[in-house]
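This is the structure, below, for whatever I ask next.
As written, the chain order gives the labels A, B and C, with residue 1 at the start of each chain.
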Amino acid sequence: MTAADYVFWVFATATVVSGAVVVFARSLIYSAFALLFTFFGVAGLYVLLGADFLAATQLLIYVGGILVLLLFGVMLTHRIYDLKLRTEKTQLGPGLIVAAGIFIIFANAALITEWPTVGREPAPTTKEIGRLFLGEYLLAFEAASVLLLVALIGAAMIVRRKKDA
Amino acid sequence: MEEVLRSLGLFKPEIALTAGLLLVVIVDSIGGAWRNGAVRILSIATLAVALGYAVELQVAGAQGAIFSGMLTVDPLGSFFKIILVLASLLIITAFTFRAARELHGLGQGEFHALILALTLSNLLLAGANDIVMLYLALEMVSITSYVMVAYLKGDRMSNEASLKYLLFGAVSTGGMLYGLSLLYGLTGTTSLPGIREVLATGVPGPQLALYLATLLIVVGFGFKIAAVPFHFWCPDVYQGAATPVTALLSVAPKAAGFGIAVRFFFGTFAVPVTGTWDLSGVIDWQLLLVVISVATMTLGNVAALTQNNMKRLLAYSSIAHAGYILMGIVALSDVGARSLLIYLFAYLFMNLGAFLVVTLVHLHDGTFDLRDYPGLYRRAPLLTLAMGLFMLSLIGIPPLVGFLGKLYVFGAVVNMGSGYYWYAAVGAVNAAIAGFYYLRVLKVMFIDAGNEDKPPLKLAFVDRAWLLFFAAANLLPVLFWSRIDEWARGAVVLYTGR
Amino acid sequence: MTPLAEELLVTFVKIVIVVGALLGGFSVMTWVERRSLAFMQYRLGPNRTGPFGILQPIADGIKLFFKEEVMPVAANKWTFLAAPVVAVATALLATAVIPYGPPFEAFGRTLQIQIADIEVGLLFIFAVTALGVYGVVLAGWAANNKYSLLGGLRSSAQMFSYELALGFSWVTLILAARSFRINDIVDTQAGGFWHWNVVVHFPAFIVYFLAATAEVARIPFDLPEGESEIVAGFHTEYASMRFALIQMAEYINMITVTVLLANLFFGGWHSGVPGMPESLGGFPLGFVWWGLKVAFFLFVFIWLRGTLPRFRYDQLMQFGWKVLIPVAAVWVMTFAVLWVVVGGGPR
C-alpha cells in the first residue's frame, strides 16, 4: 500500500464509523457530533481525490453551516437533547436484512463493474470549476440561484407568524 | 457568449417566468394595500406571456439543444410547456384566494411567487437534457412543492403533509441521485444524448451497475408521478395541502414528471440506429413499466373506493390516472407518446374542474367530506351538474374529453399486438372499478336526501363562469377533435441531438 | 535526505515556528492589552512582575496552571473537556495557510513562513473559521448552565452572521487577483501603496474590518461574553488551564484576522514606497513592514476596546444582516462591473 492508500483507509474508516454512530446513537446531540466527523471524513476523501475546491466547500457548507444549524436546532428545542431515540425493536431484524442486502448488491455493483476511468494527475480545480459554472453549466448555475431564492422565500414564509402574513 | 444569446431566443417562456417571479417578490416586499392585487395581475400576466411564448415555440416547431446542451427544445417539450403553464394559469385565475377558504388571511405574495417558481422548475424539468439539469430541476420542483404544501400555517395536517412529502422526496431523489451518479460513472458524461451514445454501444463487463442505475432512476420518476409503490405521500399530501395547491400538484409536477420520463426513456435508453422508440436491451422495460402501471391503476382505484374525504378520493383517483398515463409510455411508440399527451391534456381539464367544485363546496359549507354532500343538487344545480360532468369525464364516458384520453391510451396498448390485450383489459376493468366511486359521488349529490335545512349555495359570478369554462373544456373538445389529434401528432417529435 | 523527508522536516520546522510564535504572541498580547487599556483609562495596569510588568503573562500562566480544575456536576463530561481543545485546534487550523512575511532565500532554497501554500487558501480559511463556532457551542452546551448556553448560542449566531460578510469582503480581492492563494493576492499589491487593496477595495476593507472584529467577538461586538447580562457567556464555568485554552483560542483568532488584514488589504510585506530596497544586508525588509502593519492593527483592536461601548444584541444582528451584507454584496456587483468596463476584466 502507498501512503495515499493508508490515508484513504483512515478517512474511509472515520467516515463509516462516525456514520454508524450517527445512526445508532441514542441521543440526538451525539448523532449531531458524530455527523461532524462524517463530514470531515468525506472532505478528506475529496482532498485525496484531488478535489480541493470541493473539499473546502464541503467543510464550509456542511460542517460550518448545516451542522451548526442542526446543533442550533437541537440545543434550542426544549428537552430534545435529552430525548432518547430508539426505533422499535420489531423492525430491527427486517431492517438489518434489507440494509445488508442493499449493501451487498451495491458493493458488488461497485466492485465488479468495469468503470471507464480517466487517468489524470491531481491539478487545482478552482479555475476550471469557475469556467464551467459560467460556461457550459451556466444555466444550472443560474437555476440553482433561483432555487435558493425559492428556498429563502419558503423559509421566511414558514417561519413567519400567521398574523404577520 | 454567442451560445447564450442563441439559447435565450429559445428560452423565452422560462425567462418570462423568472422575470415575473422576481417582480412578484419585489412588488410584494414593497408593501402597500394594493400589493395583493398587483401581485395577482403580475402573475397572471407573466403566465399569459409565458404561455404565448410556449405556443410560439410549438407553432414554430423549434428544435435544438440550448445552453451547451443543458436543455432541449422540441415540439414534445413545447407541448408539455403549454400544459404546464396552462395548469398554473388556470390555478391562479380560477382558484382565487377568495374562493379558497383555507387560504383566507394568508399572504398572497409568496403564494404567487411559489407558483411561478414551480412553473419555472416544471418547464426546466420537462426540457432537461443533462443529468445535472435534470436533478436540479427535479429538486426545484420538489422543494417548491414542499413549501406550497406547508402553506397553511399552524394547520397540523398541512405541516404533517409537508414533512411526509419532504421525507419521501428526500429518500427518492437521494436514490435517484445515486442512480444518476452510477450512470455518469458508467458513461463518463452527464449529457443525456451522450449517455445514449455510450449505452447504444453497450457497457463492457457486468451490467449490474446499469440495472441499479436504471431502477433507481425509475424510483425518482415514480415518486414524481406518484406511481405505486412510490405513492404513499400522495393521499396525505393532497389532503393536507390547500385545495388550489392540491389541484396544481395533481397536474403540473405530474405532467413534468411524465415529460422527463418520456425524454429519459426514449431519448436516453433508446438505440439510435433502429429508431427512437427502440430501447437498449439492458432491462425488460416494457415488463417493468407494465407491472408498475397495472399496480398503480389498480391500487389507486381500489383504495379510492372507501374514501369519504373528497381530496383523498381525488388523490387516489389521480394515482389511478397516473397508471393509465403510464400505458402511453409502455407502448413505446409514437402512438403511445401521442396518447400520453392527449391524456394529460384531458386530465388537466377534468381534474382541475373537479377540484374547483371541491373548493367551492368548502368555501360555502366548510367541508371536504362526501357525507356532507347530499342534497347538493337542490342547493346548487349548476355546481352539481358541472361536478357530474367532471366525474363522468374522469370515468371516461363518451363524448367527454376523458373518454378520448382513455380511447387513445387503450388504443396504443392494443396496437402493440395481441400479447398486450390483457393489459388493455386490465385497464378497462380498472375504469369500471373507478366508475363505482365516481358514480358514488354523483349518487350522493343528486339522489341522497339530507341537508334540507341548509340554504342554497350562492356562487359568485366568477365562480359560475369558471365552472362553465371547465364544463365546456370537458364537453367541447370532441368537436375539434381532428385538430387536437393533429396537434398532438405534430408534437411527438423528440430532439435527441446534443 | 530524500526530498520527501526534507520536505517533511521543513514543514515540521515551520509548524514549530508558527505555533511557537503564536503562543508567544498570545502571552505578550495579554500583557500589551492590559497595559495599554490601563493607560487609556488612566491606570497603571500590571507593572510589578519584571520590568514594566513584562513577566506578568508568565505569572498568569503559573497561576492558571496550579489552579483547581472545576467542573460542574451536571456538565456533560467529555464535551466539557473537549470544547477548549476544539476551540484551540480550530483556531490553529486557520493559521496553517497564512503567509507570515515575505519569501526569502536561506539554506540554498526559497523559504517562506507559511505551513501550506494551498491553491484554495482563502476558501480554506473561510471554511475553518466556520469551524470556530464549534468550540464555543460545545463549551456553552456542555456546562449545562443557562448563561453558558445563551452565550454559546449568541456567539454562534453572531459568528454565523458575520462570516457571510467576511466572505463577501474577500470576493473582489479574489476576483482581482484571479486566485484564492493568499500569496497571489499579496503580490497584486506590489508597487506603491496606491496598489494596496485598502485603496482599491475600500468598501471591502471596511466590511472586512467590521466583520472580522465581530468574528473574533472583540468589543464592540463582544456580546457572547457580555458580563453585564450573561456573566461570562460560554466560558462561565471554565477555570484554570481550560480557561486559558479558551483565551488562547480567542487571541489566536484575533492574530489570524489581523495578519490577514495586513496581508489582504495593506500590501502584506510590500513596503508601499516605490524604490524601497528589498533587503538590508541580507535581511529581507519585508518582515519589518509586515511586522509593523500587524502590530499596528493588533493595537487598533485594543484601542477599540478601550474606546467603544458594546452593541445591543438586536442592533448587532440588524447591523450584520441589513447593513454589512448588503453593502458587501453591492460592492461585489459594483466592482465586477467596474472591473469589466474600466480595467482588466476577465481573461
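Convention: contacts are C-beta pairs under 8 Å (C-beta built on N, C-alpha and C of every residue); 3 or more make two chains touch, one makes a residue touch a chain.
It should be emphasised that the depicted structure is a prediction, and the values quoted were computed from it without experimental measurement.
Visitor: Nearest chain to the global Cα centroid?
Guide: A
Visitor: Could you see whether A-B or A-C has the larger number of C-beta contact pairs?
Guide: Answer to which pair has more contacts is A-B.
Visitor: CA centre of subunit B versus CA centre of subunit C: separation in Å?
Guide: The answer is 54 Å.
Visitor: What is the distance in Å between the mean C-alpha positions of subunit A and subunit B?
Guide: The separation of the two C-alpha centroids amounts to 31 Å.
Visitor: Per the centroid of Cα atoms for each chain, what is the distance between subunit A and subunit C, given in Å?
Guide: Taking the average C-alpha coordinate of subunit A and of subunit C, the gap between them is 29 Å.
Visitor: Within the complex, which stretch of subunit B touches subunit A?
Guide: Against subunit A, the touching part of subunit B is residues 4, 7, 18, 21, 25, 66-71, 105-107, 110, 113-114, 117, 120-121, 124, 130, 132-133, 136-137, 139-140, 143-144, 146-147, 150-151, 153-154, 182, 185-188, 203-206, 208-209, 212.
Visitor: How about subunit A: which of its residues touch subunit B in the complex?
Guide: Going through subunit A, the ones touching subunit B are 105-106, 108-110, 112-116, 118, 135-140, 143-144, 146-147, 149-151, 153-154, 156-158, 160-162, 165.
Visitor: Provide the residue numbers of subunit C that touch subunit A in the complex, in ascending order.
Guide: The contact residues of subunit C facing subunit A are 79, 118-120, 123-124, 126-131, 133-134, 137, 141, 149, 152-153, 156-157, 160, 163, 178, 180.
Visitor: For the complex, which residues does subunit A have touching subunit C?
Guide: Within the complex, subunit A touches subunit C at residues 29, 33, 36, 52-53, 56-57, 59-60, 63-65, 68, 71-72, 75-76, 81, 124, 126-127.
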